[in-house]
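Two complexes come next, and they have one chain in common, chain A, joined by chain B in the first and chain C in the second.
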Partner chain A sequence: MKPLILHGHERSITQIKYNREGDLLFSSSKDQYPNVWYSLNGERLGTFDGHQGAVWAIDVNWDTTRFMSGAADQSLRIWDCATGFQIGKIENSSSVRSCNFSYSANMAAYSTDTHLGKHCEILIIDVRNADDSIEKVQPILRIPITGPKVTSMLWGTLDKTIITGHENGELTQWDLRIGKTERSNIDHVGSINDMQMSKDGTMFITASKDKTAKLFDMDSLECLKTYQTERPVNSAAISPLFDHVVLGGGQDAMDVTTTSTRIGKFDSRFFHLVFEEEFGRVKGHFGPINSVAFHPDGKSYSSGGEDGYVRIHNFDPAYFEFNFDCQ
Partner chain B sequence: MLAADEVKSSWADEVEEEGTAGALPPPTEEIQNGMKIITEYKYNDDKKIKVVRTFKIERMIVSKTVALRKTWNKFGQSKNDKPGPNPATTIVAEDVYMQFISNKEEDNKPEEDVLDKLKAMGERGAVRCRKCFGDHWTTKCPYKDTVLAGGKITDEKKPESAVGPGGVGPGMAPGDDKNKSQNSKYVPPNLRDGSNKRGDSMSNTRSRDDTIAIRVSNLSESTTEADLEDLVKPFGPIHKLFLAKDKLTGHCKGFAYVHFKFKSDAAKAVSSLNGHGYDHLILSVDWSKPLGQNN
Partner chain C sequence: MAKKKDGEKSLHNSEGNKQDKSESNDEEPNFSDPEGFVDNISDEELLGDLLKQKPRETDGVESVIVVDGVPQVGPERLEKLTTVINKIFSKFGTIVNEYYPTNENGQTKGYIFLEYSSPKHAQEAVKLANNHKLDRQHTFLVNLFTDFKKHEDVPDEWEPPQPQPYVDQGNLHYYMLDPDAYDQYCTVTGGGSTVQIWQNTSPDPTNLEERARWSETYVRWSPLGSYLATFHKKGVALWGGPKFNQKMRFTYPGVQFIDFSPCEKYLVTYSPHADDHPNDTKRLIIWDVRTGIEKRNFSSDGPAIWPIFRWSQDDRFFARIGTDVLSVYETPSFGLLDKKSVKIPGIRDFSWSPTDNVLAYWVAEDKDVPARVTLLEIPSRIEIRAKNLFSVADCKMHWQKSGDYLCVNVNRYSKIIRKEKNEVKYSGMYYNFEIFHMREKQIPVDSVEIKEAIHAFAWEPVGFKFAIIHGEGPNISVSFYGVTTGQTPTLLRRFEKKACNSLFWSPSGQFIVLAGLHNLQGTLEFVDTNDFSIMNSTEHFSCSDVEWDPTGRYVVTVVSCWKAKVDTGFWIWSFQGKILKRFNSESFCALQWRPRLQSLLSQKQQQEIRKNLKKYSAQFESKDRMRLSRASKELIEKRAKLMKEFQEYRAKRLEQWHKEKTRRLELRNNIDTDELDSDTKNVEEEVVEFFIKEEVTVIS
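For the complex of A and B:
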C-alpha cells in the first residue's frame, strides 16, 4: 500500500478522528490548529484557527455539521464544519483533556485537568443551540473528580451514561441522571490514554500506558480481552469489518533518544480481536504513534504520530485475503 | 487555470520571457483519457527542472451528504489552495507492506538471521576482523589478546583492503596517498562495509530483505502474480512477491522480485530457474542486487 502522508501540523499529533461516513478525517496536534482532510485523496479541506495552545481532544457530531476541540488554552470551542467558523467558546479554569459529542449530539461532555489546585471536572453541556452565548449557559451537569484525573472519555449506550478512563487505570461509568458513579473497576495499572467504541457500540477498547490494550463490555465494564505488548499503548481501534484491532504506541517521547532503535517499535500492530494474538505490523512513523483510527468501512486506517504526520493507509488485497490461522 | 494560459497569447511576450533569467514556462494541466497530467517547472539549485505529476481521475457514487461536503470551500490555512491535494501538505509515501506474523517461532529468529546474512555476504567483507581479517568480528578474534604487530599486518594487507568496494576500514592507517585518492569521498558509518546496518532502519530497510530476494527477468507481458507464484512456489515458502507492473495498463513490465523465507530455497530457485523456458521466453534469474551496488 502507498500511504498518504498528511503534513499539516508543526508538532506531534494528539488525536485523529473520522466522521461517521469516513469521508473526512479530523486531526489535532500540539500546535494550535486542528485540521480536516478528505480521507480519499488526502486533500486538506481546512484548518480551525483560534486556539492559543496545544489541542488535546477533538470530536465531530453525527451529521458532520459541528466540530469540537478542547485545548490547553483552557477553552472548549465549537466550530462549523463547513466554513471553519467558531460558533462558541467556553473558558475553563484548566486545560480541556477530552471532549465528546453524545451520539445524538444534543449534548457534549468534556473534562478538565487537575492543575494548580484546580480539581478535575467532568461537564455535560447542551449543544443543541450552540452560539456565542454558550459560555454563559450553565452546564447540565458538573461532576467534580477528587481522585486521579480523567484522561479519556466515551458516551455510553443511549446517551444515558458516560465512561471515563483515569490516570491510574481506573474505569468509571457515570449515571448522568443522578450524576453518580454506577460502577467502576481498575483493570489497568497505568494511565488510560485512549478509548474507542466498536461499530455497534457494545464494546470498547482501551489503550493504556501499562503496555496493554483491553476490550471491555460497554454496559457491565467487564474486561473481555487483553492485548499485551512491550511498549506503552497510546491508542487502539476496533475494525468495523473484521475481528481485528489495531494498536499504536511506542515508548514515551522523552525516552526515544535514550533507548536503542530496534525494529518494530513505532509500528501499528494488528491483533486478532478474539485470539488476542498479533498477526501483522505496518511501519512508517519516525516516532511513537499517538492516535489510530479505522475508516468506518474498515478498508483503510490512519495513524497520527509524535513525528507530526498523519498517515492514511488503504489496505492491500493481502489484508483482506488474510485468514487468521488458529492452531 | 485555462484563463491563465490564454492571457499569454502573444508569442513575442513568450520569447521575451524566455530571455529573462528567472522565467519559467507556466505550469500546464491537461486531462487525457481519465488521467490528469500536471506539468510544473521550478528551480532546484540553479537548475531548471520539470515536475510531471499524473493523477488518476476516479468517479465514485457516494451519498448526498458526502457529495455535498466535497463541494465545500476550503477554509483556514487551506483557503488559497487549488482544488486537489496540495503537494505541500499531502505527500504520497513510499510503498509499505503489512508484515504478517505467521507464527511465534519466527519472532525469535531475526536476531541470528542478521548475523547469518552478513556472514553470507562474507566475500564482500561484511563480517571481517580488523586484526586477522578472518570471518568474524574483531571483538571475537582469537588473536585479540596476542600482539600481532598491528602495524606490520595492516601494511601487508593494505592493498587488498583498498580494493574492496569503497570500504573505508576503520583500522586503516590514514595518510597513505593511494588510499586517500581512492577513498577520499566520505562514506557514512552505516554504509561502510563493516557496519551491521541496524541503525539505518529509515533509509535502507530494503537491504535487509535483499539478501534472500531473487530477481526474475525476461518475463512475458501477460504474466500475472498468480503465474509467478506457481512458478516459484515449488522451491519453498515465499515471504514476499513483487511483480513490476505498468501503472496504466496493468501489464507485467518483464521483471519481478521474489523474497524467499530461506536462503537455500532461493539458491535452488536461482540455479534451476535461470535459463528456464517459460511462456516462449527464456527466464533470467539472479540474486537481487542491493540498491547501492548498481553503480
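For the complex of A and C:
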C-alpha cells in the first residue's frame, strides 16, 4: 500500500521513535525542531521548539508524558509531551549524541561527543521531578569515556545497566551501581549507529557502518545473529509481531553524489530474525535511511531518511500471510 | 675479504695472479673479540639483513678487463699503442690502471689488462668494445677478468647430462572427467593475493581450493587449462592436478607478463622493469613448460605490445615484429627461420591464422605505394594472397576461430592533413571490412563498407556470422552479417539505438551478449542470432567484464575492484540472460574460466547428440530437479535446526523474563506494559475522525 509521507522537516532525519502505544511518532532532524505525528494518518500534532542546532537523538518515556531531545547546540532538553513546552534543559560542553529514558523513566542517560579537547561522557540523571532547576542538580553518575566515543545507547534490564555502542564497533555494558564496565565485546568493526530493543527487552539489534546488523542478548552481550548487507547500516529494528528485522541504511551521504541512486541502495531491507535471510525490500527514499522503527503492534513500520522524509508503511496482507518453509 | 692491495698486486703479476687470489681467499679476517669475551650469537644472525647492505671494499677485480687481439709491438712503439688503446677504452670510463705484459725482448704479448674506476664501466667496455675491429688484422676480444675463472673451470671432456627420472604429473585434465561436466573457474580477491578455485556445480558452486597469498598480482590459466600460473617476486609458478600442486617453477625476478604457446609447450615471460636487472638485458625469456629449462632469452627494446611474440597454432613457429622486418623463429631450435628475418619495409602488424601456419601482415602506405595486406605461408614464405588497399589510415586483422575467414578492418580516409613533426591527421573517415575466404580457391576477397565509426567487431566462433558495433552515440547500431561461400557478406539484421560497446559471442556460437561496459554502466543484452530475438535486456551496474564459460552455458559478469569501488563481485547468468547467482565480495578482482580441451567426439557424433537432444535433455532435467529438491530439503533442514536452537534459547530467556515481572511492575507504578493490550483499565477509547479531501477531476 502507498506509504504516508511526512514532510515536516527541512533537513535530513536523524531519528524516529514511536511511543509505547504506537499512536504517536516522534521524529528529529538536522533542522532544530523535533516533530510529533499521529502515526495513523500522518497528521502533525506539533513541534518542540527551542533547540538551536541539529537534533541528534530523541526519546519518549513509557507513559508518553515526557519527551527528551539531545542536540548539537550542546543541550539536552526535556519537554512536556502534551503541551510541547520545555520543562528543563541541561547545557553541556559538547553535542549530545544519544539520550534514553530508563525503563521506569525515573532516570535518563545521555552521552556527549568527543570534541575540541572535550572527552565523551555518559551522564545518568534523575528526571522524576524535572523542572528548571535540573541543570543545577548533580547527575547521579558521570562516566568519562577515554576511548572511542559513544554513538548509541540503550538501558539494560530493569534499570541496572546501560549498554553503549562505540565508534570503533565496541559494545560495552556498564554496571550503574559501581559505574564500571561489566562486560564488553567488539563484534562489529565499524561505528555502531543505532541500537534497538526487542519488545520484551531481552535482546537488541545493532546497526553498524561495517555493513552488518547484529542481534545480541541484552544481559550476556552474546552475539546471536548477523544480518549481512553490502551497504553501511544506519538503523535496525526488531518486529514485535514476527521473527523479522528491518534494516535501513545506504551508501554514505558523502559518497552518494558520486554514484547513481540506483546503486545507492536506499531500501529498507527485511531479514528473517533467525535464518538471517533477506526476504523483502521496500524502496522509496532517495537518500540513505537514517532511522527505522516498527510500530509496537508490528503492523506498520516507518523510516526516516537523509532526504528529509519520514515514510509510514502499512504492511500489505501478503506480509502477514508470508511464511518461511522450515518444516 | 681481499684487500685492494692484493688486487693490484695480482695485476702486476699476471702469471701468479691465480695463486694470489686463492691465497687471499684463504686468509681468515680477524673478527675475534677481546680475551674473555663470550658471545654465542653472531652478528650475522642478529643483523644478517643489515650486514648485507653494508658497504664493503672490493678488490677491484670486477673492474678489470682483459683485451686480447692487441697488436704486438716492440718497446719503441709501445707509447703509440697506449695512446690508441686509451683513446678507445677511455670512452667507457676512467682507466685507473693498465698493464701491458711483455716478453724478454720488450715485445708486448698481444693482450693487455685495463682497470676501470668502477665495475659498471668494465661491463660497458666488454659489451661495446668486444669484437671491435682495430684494423684488418686486429680485432679486440674483450672479457671481464672475473670471467676467466668461469672459463677455466670448463671441463675438457664433455659429460652427457644424466637423464632425469620420469616424474608422473598425473592427469592434468582430470577436471574434464567430471561426470556432470561442471566447469571450473578461479577468482582472485583481496587485491590480487587470494585465489579461489570453484566448480560451477548446480545449484550452488563448490569451493575446491582457496589459498591466501597464492599469487602476488593475478593469475592465468594455460590455454588448454592444464596449469594455473601465479606471479611472484621471484618468478612464475605453475600449479595443476586435483590438489593444485606446484608443477613447475620459472625463477626470474620481476616477471609481469606471461604468454603460453597455444599447445602449452613453451612459456614466454617478460620483466618490463629494468630496475630488477640493472646489468641484465635478458628480460624476455622463453621457457620449456615441461622441463622448466630456459630455451632462449631476448633483450627487448623499447615498449612493445604484449604479446611480443606471437605463436603459430602448433607451437612450431613464433614471430615478432621489428622495424621493417618480421622475425620468424622456429622451435625446438629457437633460431631464426632460414637464419634470417623477413624484410618487409613498412610492416605495421601481423597475425597468425588460428588453424594453419599462415600469417597475415599489413604494410602501410608509402608515398605512391599502396598499403597492402599479405598472407604468408610459413615456413615456405610463399605469399599466398596479397591485396592492395588505398587511403589506409589503419588496419586491424580478425581471424575467425576456425580459420575459415580473415576479416581486415580497414580505416580509410578521404583527406589527409600532414602537420609538423610527422604528425598526420586524417579526415573524412570511412570503414571497410575486407573478408578473405581462406578455404576457397585463390582466396577471394569481399568487402563491406560502413560509413560510421566502428566500436567493436567480433566473429561468431563457430559459424559464419560477424557482428559490428558502429555509429556515433547515442545512435549506436549493432549489425550482423553472414558470410557464405562465393558470395558477398549479407546484412542479416541491424539493431538500432543500442547502448553497448562490447560484443561477447558464446564460444559455441549462435548466442551473443551485447554489453555496455565502463561508461555505459553495465547494460547487458542477450541475443539469439538464429532469429535475432532479444532474450533478455538487463544490467549489472558498473560491470567491467563479461566472461562466457568454455561450453557456452553460462555467462559471468564481473565488477572488479581494479575498476570500481562499490559492489564488486560477480554474477552468474544462464546463456539466455536469466540471473542464477550473485556473489558480492569486497576487493574482488577477477574471474577466469578454466579452458576446456576440444571435444574428442567427431563431427558426426556431435550431430548425433544434437539430433537426440530431446532424449538427453529429459535426463538432465530430472537430474536437475533432483538436485534442486535435495538443496531445498537441505535448506529446510538447516532452517529447522536454526529455529530449534533459537527457540531453546528463547525459552530459557523468557523464563527469566517472567521471573522479573514483579520488578517490572514496581518500576512502572504497577501498570502492566508487557503487552500492548495487557493494561486495559488505563486505556481510554478515543474515536478519531479524519476528513479526507476529495477531488474530482474530469478527464475530457
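The rule is simple: the second predicted complex is superposed on the first by the 321 of 327 C-alpha atoms of A that agree within 3 Å, B and C clash if a C-alpha of one lies under 4 Å from a C-alpha of the other, contacts with A are read in each partner's own complex, and residues count from 1 in each chain.
Here, contacts are C-beta pairs under 8 Å (C-beta built on N, C-alpha and C of every residue); 3 or more make two chains touch, one makes a residue touch a chain.
Keep in mind that this is a model prediction, so the values were computed, not measured.
After superposition onto chain A, partners chain B and chain C are found to clash with each other.
After overlaying the two complexes on the shared chain, residue contacts for A:Y33 are found with chain B alone; chain C is out of touch. Contact comparison for chain A: of chain B and chain C, B touches the greater number of residues.
Contact with neither chain B nor chain C is seen for A:D132 once the two complexes are overlaid on the shared chain. In the superposed model, A:N41 makes contact with both chain B and chain C.
In the superposed model, A:W62 lies in contact with chain C only, and not with chain B.
Of the two partner chains placed by the overlay, only chain B lies in contact with A:R281; chain C stays clear of it.
By the touch criterion stated above, A:A318 is placed in contact with chain B alone, chain C being left untouched. Once the two complexes are overlaid on the shared chain, A:E21 sits against chain B and chain C alike. Touch criterion met: A:Y103 reaches chain C, while chain B stays clear of it. The single stretch of chain B with clashing C-alpha atoms against chain C, selected from 6-14, 114-122, 222-230 or 240-248, is 114-122. Taken together, the two structures place residues 21, 38, 40-41, 43, 63, 263, 325 of chain A in contact with chain B in one case and with chain C in the other.
On the side of chain A, the complex with chain C involves touching residues 20-22, 38, 40-41, 43, 62-63, 103-104, 106, 157-159, 200-203, 217, 224, 230, 251, 255, 259-260, 262-263, 273-275, 296-297, 324-327. Of all residues in chain B, those touching chain A in their complex are 60, 62-63, 65-66, 69-70, 72-79, 81, 84-86, 88-102, 110, 198-199, 201-202, 205. Chain contact summary for the complex, chain C toward chain A: residues 521, 541-542, 566-567, 584, 632, 635-636, 639-640, 642-643, 646, 649, 653-654, 656-657, 660, 663-664, 667-668, 671, 673-674, 676, 688, 690. Residues 1-8, 21, 23-24, 33, 35, 37-38, 40-49, 63-64, 82-84, 261, 263, 270, 278-284, 286, 311, 313, 315-316, 318-319, 322, 325 of chain A are the ones touching chain B in the complex.
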